[in-house]
């Protein structure tokens, strides 16, 4: 089956991103396909490459990047939510006149249409949030 | 009187940072002193200079930077919370081997001791969060 | 009732339900439309469409007028739960006037808001292909 | 009762209360100590100090053992609300063993957890100079 | 020693308002802000909780948050005083400690 | 058409668990995850709400979240099935729609 995953909360304060990650791994292990993981609202904060968690804690951001690499996952960050919260890729940063970007490897920035598309193309949509 | 302000939530999803900003402005207008604004937990996400909100919405981050400039406010971002969430200044970025930083002007990164100090040195501490 | 087969894939139109359970401003969101879209307002979500909202004092944008434009995007089904209104001391008179022009009825202006009971809301939910909460 | 004058300034020791009202893991935090520190556990905060927590399956760090080290930082007053325990089907037997060594009593090992009633919790709150919630 | 309690969540969504009332002592003040102002509206279970305190708490609601939510002053239950941000500042200054029920 | 409802908040802190039960129809399934698993513990008001449904809902709780919170299987009310993440995946696949009560 094709699953769409929605993540509405940022890392560390809430468990949502951890739960979504564990669910996604389990779905892949069972042979399901992940159509897309869509990061919305504060969920966009999962897509920064600047996080530096303590050595004895899991690195939520790099967990997603690694999983995307292994399974060719499509990790999409909502552009409107990302702009408000300061998650930018190189071209967004350039357009906004910012001197740095912070998007993590494996994530891409796109519009809310990608969420609707996830709903259309997936057999099941599962949302995680606060 | 000396006020200490604590902000526990990030911008946009929650109203906490807006409320803290309005309260801080009102306290300054009444002639009170703001000892420090301490950004903790997801509150550290207020301290990014990369946010690009729509033109017709308030810019929470630059509101804080402007207020700090006008009133010489001490805006402190908790280092442990900031590292986890990817809010870095130049020296933190260098130490962590990251090729970019994103701290906003007027914010500085420091330890949780600055929160305790805020409690000791302020006549009143007011917290805003989720 | 849809089966998995007829509800998935790029060609079949899906029924999307956006569930609003939270009050505005404390939590902010955007909406997007396509397909067969319904909105559900229950619990504190009914506060989203209360009229007379004036956000000047809190320095935030007022999103409630955007609901009035829903008809232009062919979103004409706004289900509001009666019990949620009553528990909050509200009635339909407290809600925004949200209407659409019915192209099948000589463009007559009709109300988009449908007050439903809790058990009817349960049926609305049961008739969807995708349910997203905000 | 403190007045503003005797409770402020760098020299007078202040009474800090850290209020824990939320369950662990869903919301995570760190603690820091100095001054005259008490911890209050009420509502879902009592779940913070329930024993037997094993976080391996969720991939998160288990923070509950850090409570056992509190005595070493001279944090020896952990007030736990009885009504909050009862509403959750819990008793003091379900809580972590948290102790400290009393230097005024020949380093005798004593329990840090004090089960208090809701009205006593109100009194604990009323005796503080700074109250922070997590 | 009197406490100013602040509540920022809807009493229908979260338990903070009830817990605040359960722990506020006679003479304390409760200020409703953000979604907390919904507790100040007439004809709800929250209004009954307030009435049960028989006026032994001073209750306030923030004007800007009421207006943002379309709550007119006539919808606010009697005995709740409406204050602006300056009034919020005065309340903090006028009580020994502030406690945020987050 | 059957729905899998997920609840991730404590029934003592937020109203989502009650609202979910109020809107779940006979034959639906409810999966408790994260802090939602507290609703599966014996001797609470949440347990009474579950009992009132008289078994017309299928109830599940996520094992990893129970363990993380120190909730032993003997503390879980009868009739609630404990599943791992793989079981979570199967529940999603086995119901027509998933609805997250966030």
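A, B, C, D, E and F label the chains in the order they appear, each numbered from 1.
Just so we're on the same page, contacts are C-beta pairs under 8 Å (C-beta built on N, C-alpha and C of every residue); 3 or more make two chains touch, one makes a residue touch a chain.
As the structure is a prediction and not an experimental result, all values here were calculated from the model.
Asks: If you tally C-beta pairs in contact for every chain pair, which pair wins? Let me know.
Replies: A-B
Asks: Compute the distance, rounded to whole Å, between the mean C-alpha positions of chain D and chain E.
Replies: Taking the mean C-alpha position of each chain, the two centres sit 26 Å apart.
Asks: When the C-alpha atoms of chain B and chain E are each averaged to a single point, how far apart are the two points in Å?
Replies: Once rounded, the distance between the two centres reads 26 Å.
Asks: Taking the mean of the C-alpha atoms as each chain's centre, how many Å separate chain C from chain D?
Replies: 44
Asks: Round to the nearest whole Å and give the separation of the Cα centres of chain A and chain E.
Replies: 38
Asks: Taking each residue of chain F in turn, which ones touch at least two of the other chains?
Replies: 8, 12-13, 15, 34-35, 64, 84, 97-98, 100, 102
Asks: Two or more other chains in contact with one residue: find those residues in chain D.
Replies: 4, 25-26, 43, 58, 60, 129-131, 133
Asks: Taking each residue of chain A in turn, which ones touch at least two of the other chains?
Replies: 12-13, 15, 19, 22, 41, 57, 80, 123, 125, 127, 129-130
Asks: Taking all chains into account, which pairs touch?
Replies: A-B, A-C, A-D, A-F, B-C, B-D, B-E, C-E, C-F, D-E, D-F, E-F
Asks: Write out the stretch or stretches of chain F touching chain A in their complex.
Replies: 6, 8, 33-35, 64, 84-86, 88-90, 92-93, 97-98, 100, 102
Asks: Under the definition above, what is the set of chain F residues touching chain D in their complex?
Replies: Chain F residues touching chain D: 8-10, 12-13, 34-35, 38, 41-45, 47, 63-65, 67-70, 72, 75, 84.
Asks: For the complex, give me every residue of chain A touching chain C.
Replies: Residue list for chain A touching chain C: 2, 6, 41, 80, 112-113, 115-116, 119-123, 125, 127, 129.
Asks: Which chain C residues qualify as touching chain F in the complex?
Replies: Where chain C meets chain F, its residues are 1-2, 4, 7, 19, 21, 42-43, 118, 121-123, 125-131, 133-134.
Asks: Considering the complex alone, what residue numbers of chain E touch chain F?
Replies: On the chain E side, the touching residues are 12-15.
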